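Below, chain A partners chain B and then partners chain C, in two separate complexes.
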Partner chain A sequence: MIRNFFEWVMGPMGRIAVLITALSLFSLTAFGIYQTQQPPDQPIEFTHKLHVGLGIQCLYCHPGALRGPSPGLPTQTKCWGCHQQMEKTFDPNFPELSEKLVGYIERNEPIPWVPVAQVPDFVHFTHRPHIAAGLNCENCHGDMTQVEIAENPQVLNMGWCLNCHRERAANDPEKLVKLTDCGTCHY
Partner chain B sequence: MGIDLNLVGAKGAIAEEAEGKWGMVIDQDLCTGCQACVAACAMENNLSFVGEEDAGYGRTQHWIRIERFWEGAYPEVKATAFQPMLCQQCGHAPCEPVCPVFATPHSPAQEINLQVYNRCVGTRYCANNCPYQVRSFNWRDYHLEPFHANNVDGQLVYPLHNQFNPDVTVRRRGVMEKCTFCIQRIHQAEDKAKSEGREVHDGEFTTACAQACPANAITFGRMDDHESLVSQLAHQDRGIKHLEELNTLPRITYLKEG
Partner chain C sequence: MSENISRRDFLKLATVGAATTAVLTGCGPASRYIKREPYMEMPEYTYNGLSTYYATTCRECAAGCGLIVRTMQGRAIKVEGNSNNPVNLGKTCARGQATLHGLYNPDRVQGPLKRTRGTPFDLRTNVSVTWDEAVQVVADAINNNNPSEVAFLLGMAPDHLFDLVSDLANAIGAPAPIRYGALSMFEARATLIKASENLFGTAALPFFDIANSDLVLSFGANFLETWLSPVAYTRGFAKMRRGNPKRRGHFIQFESRISQTAAKADEWIPIRPGTESLVAAAIGRLVAEAKGGAVSEVFANVDLNEVLSSADIKLETLEHVAEMVGEAESAIVIPGGSALGLSNGLQTAETILTLNALADNFGKPGGVYLSPFLPNQDTYHRPASAQEMAEFIEKMKSGDVKVLFVHGVNPLFELPESLGFADALGSVQEVISFAVFPDETALASDYIFPDHHGLESWGYQRVATGTEQSVLSGAQPVVSPNYDTRATADVLLAASQALPFKDEMEFLQSKFASLVGQADDSFSAPEINTFTAYFQQHGGWWKKSSELVSPSATDTLGRNFAVEQAEFAGEGEFFFLPFVSPTLGEAGANKPWLQELPDPTTTVMWNTWVEMNPETAHELHIENDDVVKIISEAGEVEAPVYLYPAIRPDTIAMPFGQGHTAYGRYAAGRGANPAKLLGQHFNEAGDLAFAGMRVRIEKIEGKKQMLSRLESRIGVYNEGLEEH
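And then the complex of A and B:
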């Protein structure tokens, strides 16, 4: 039984079958990994490149980063604060604005942005101390003037966090203890 | 340098100072056994309701519980004082060395005993080795159990998920959990104090159980600050530490019948 199977595998049909199986497994894996690296679909195709390029500060739309754990994602009224004064908003050539944004305003609905830079539930990250330590947004989130739809410049994993923590506390043993303590992030 | 042999642990390491950083005092003469601390702890720390069946197996999840004891034989029984029992955040924790994956390390910064949920693999050795029996295990994904849900048009809706504390992890199946001395509140207070450029002062924040206690039987604060209320209470004559003879260096002092 087993011998028959091996003979079939070593034959021409068997080799083709093995090749097809291996190829499909490989391409499925590659496709899966590719999918995890794609930025998620956003309700409005908001371009960071354009807005940051215009000189709008990160903290204008994400003010929570200065004072708490979560930077926050802008509501429709924050967009409207600028966009209601712009002709482009109502131009039918820009359906993202004239249909989608105006639609959210008319329905008085918050825009369901999909957060991109996220950590798991068991990690408690706070923006405030990181900004207070002199980090700029682009140190972790990359240069948003080059990014159309928000995406992650790097994987936000623990090794990456700890590398920076160890580097920055290298000269201060007390700070190093605090910054490499499990209980600082995991509780 | 002389080594105090009382502070040398099983692994030969010298334990940290017996006082520790954070401490708690529980006055058993004031405790009325009302269970307000139990409820407050459950709300603050996203503790699960395990349901009837698992409660029958003794799998209830409480980070603090009220223990009752009796003296004497029936009919001359005399109830002794209620004894709230929670993780003693031992300086020499018996749970720590038995963990094969180091999921329950000692925090060098806060000097308490941590539980790292994402590292825990659920061997339950720590719970077996805890002399205070204060650790509880997640036998299921209790927050996803259908008995928490309302059936709305065939869809399960979990109304209790709206009251989860976002600062505390919702534990998944197969991990151990225990009292953290409300470390999320410690971090919050330290963060606030740091942003204002000062130290955390005594009484600025407290744990959920101490906050809820109507009799003020529970006091929480810095033990290494000898001016703090908790430190002064702990050094009264009527202070005792539970199972002190095991050299666990518990951080919680019980006051009883001075």
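And then the complex of A and C:
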């Protein structure tokens, strides 16, 4: 049966069929991969570009990065602290604010944000030592003044982590062991 | 082409397909996107990603163990013991660990309800009411009835609610609240206290200092399971075994089956049920004779030969035990549980305490003390004995109770059916339950106004026994309430106006006031608000040094009373021994972790079993998992048999804890309740003679129910070998 199949494939119709199949498979795969790389829908189209551009420090909204493993997402009281004083918040021309944000506040519901920079569960990533080592947020998260709705800055995989760890260890063997030991992140 | 696709081709195609699927879905960051709900208002002391720990008090039983609960973003996620609390010093039992399964139980009562009595817990029959309406219902119930016709029935925990209801009842002129719990019935607490009163003149719980003892004799006391303060006694036991490098304490258990406690004993002596007092007296006689001098009359009146035949014990065994008691530096004898739940239970308790007098251990390390009271405590408010409950039920039946408030106890399950609580409820006009879970009693109520779960509540629990110092274990909410529940204390305060407190916290502080500035306390606070803050931080308040009271016994050995064998009620070839399930306790059946936890001696899970000696079973042609009907004078239940070599051939035993008809999806319709078999027989102290029943069994032909158990069936009597 398989031989019959190959004979048919070698014929002109077969070649065209193979080409069409290969093309559609390729585009399907490409589309799939593209889909997985898209930032998720957020409950409010929050723009980092605008807020960071206004000069608000990253740590103002994500203070946990300085102190612990997780930077945290701002509570809505933090949003409301500024936004309740702004006319724009209640302007119907900005439904993201006047409908969505005000709605969450009025209903007293938490805003179900979707964090984009995630590592798998088997990685114990903690922000504090990275900030303590003198890194800035943009070293890993990219320049947020250019990002509208939060998106994943780069592939956060182990090779990328280790590249930086090796670089920073320079030629200090002790530091290299510490920064590349499995147990540093996987424990 | 599909007629003959080869296996290899199929595998190739499948691999390509699987790889494509994996690439398309699994490897991108999208697979990890989840929603996060941040706090609406984050507490100042909370850091994202870091846990917050709260000290509180366990409410799974009345012992008052301190807990540290780990919370993450406002969710309680792990319970451990509070290592500062003197009761448990950082340890917990399984029930304490499983308290989270109560908090997150899907079958909790989620808001105030008006119900039709006896209907199933169902959204169609439950009518939601608002809390304002609920408070009005409670207010009407209290104000529109003669105060003498209002009754409060409370559980053994929490103490602060008992204090508040006591004050409230006092203020409006209602009868004092009644407390009850099945645990207190099965540990025969009233008997122990009565014996202590008769011997020492104080109605307090004795404290048995097994930690510093080198020989422990226990008559039926299951102190490693559920008895009085199991975590504290387990700690004491560990210290007795390993605390002193020069000696390892010896432990002998007298009980008709190997319980979890007996399994830890060096020697298990299965005397015939009902002869505990005789055996204790015989040991007393042998010890006294060996010591020389006068033998006190209680012991001298015992006929050794009669004891040997009636108790089914060898003279060598008795002499060996007596010799050990004589030689021990600090021997201690503990009365408890099934030994006291007999017609002669009080006599047994007194005989055993007298045996301690002979060992000369009153008020000495490794001996018997009385548990201390707190500075603001007048007396020990013990839970009602079964006889007092029977009297209360009579009062209900006579129509003298118009309104019944129930909190923290499930009498329809925890009381023997023969006492007639179910019928008596019919004579009560209005039953208002404050139950957290839809248990049997809540379903038989007109209203359920759910209290917060213990982990969502304020409060305190006086530590009745188990510690050297007086301890007030403190409870605080570790999470905000998951549902539309309200603290019962707040509901009562809002409804009655008879007490001058704005809310529960104000009431608590009024009780703390006398503790501020006490000497030798665990923290010193200059005034009440600082005290309250420290109280929450430490998980309670306690004295730093031992306050154990030496019993002021005068001439204990000179007392004389008749020591006789217990009388058994009913007919049948078996002694019946109900025991509290060490894993479930009286209210653990709705927690899957506890259901899944194998019973320590039989490894059975998720069910009720009947323990029967294999020899007896063989004679009756009964095999493992055969369902039998147990018939007593009070009722009958069906349960599968577990062949247990560690039980006397003339005794059958059944765990108490299952057999719910309500109480949520994990508990309802599972197993059988041995309390149905218990008749109305009390000992002199009013405790139920629960171990004083005779029963007969009938095999139900052809009916088997496989018990799920951890142990292998192969290897236990070679069962099932032919199939393997």
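To be clear about the criterion, the second predicted complex is superposed on the first by the 179 of 187 C-alpha atoms of A that agree within 3 Å, B and C clash if a C-alpha of one lies under 4 Å from a C-alpha of the other, contacts with A are read in each partner's own complex, and residues count from 1 in each chain.
Quick note on the criterion: a contact is a pair of C-beta atoms (placed from the backbone, for glycine too) under 8 Å apart; a residue touches a chain by one contact, two chains touch by 3 or more.
Only a predicted model underlies this, so the values are computations on that prediction, with no experimental measurement involved.
> I'd like to know which partner A:P110 touches here: chain B for first, chain C for second, both or neither.
second
> Counting residues of chain A in contact, which comes out ahead: chain B or chain C?
C
> Once the shared chain is lined up, is A:Q38 touching chain B (first), chain C (second), both, or neither of them?
Only chain C; A:Q38 stays clear of chain B.
> For A:C182, using the defined touch cut-off, is the partner it touches chain B, chain C, both, or neither? Pick first, second, both or neither.
After superposing on A, A:C182 lies in contact with chain B but is clear of chain C.
> Taking the superposition as given, does A:P120 touch the first partner, chain B, the second, chain C, both, or neither?
So A:P120 meets both chain B and chain C here.
> Figure out whether A:P74 sits in contact with chain B (first) or chain C (second), or with both, or with neither.
Only chain C; A:P74 stays clear of chain B.
> Thinking of the overlay built on chain A, is A:T47 touched by chain B (first), by chain C (second), by both, or by neither?
Neither partner.
> Considering only the contact definition stated at the top, list the common interface residues of chain A for chain B and chain C.
67, 120, 126
> Could you pull out which chain B residues touch chain A in their complex?
105, 107-110, 112, 114, 116-119, 167-170, 180, 183-184, 187, 191, 194-195
> Name, in rising order, each residue of chain A that touches chain B in their complex.
Residues 67, 120-124, 126, 128-129, 132, 177-178, 181-184, 186-187 of chain A touch chain B in their complex.
> Touching residues of chain C toward chain A in the complex: what are they?
Those in contact with chain A are residues 1, 3-6, 9, 20, 23-25, 27-42, 47-50.
> For chain A, which residues are in contact with chain C within the complex?
1-2, 4-5, 25, 28-29, 32-33, 35-38, 40, 64, 67-77, 108-116, 118, 120, 126, 152, 155-156
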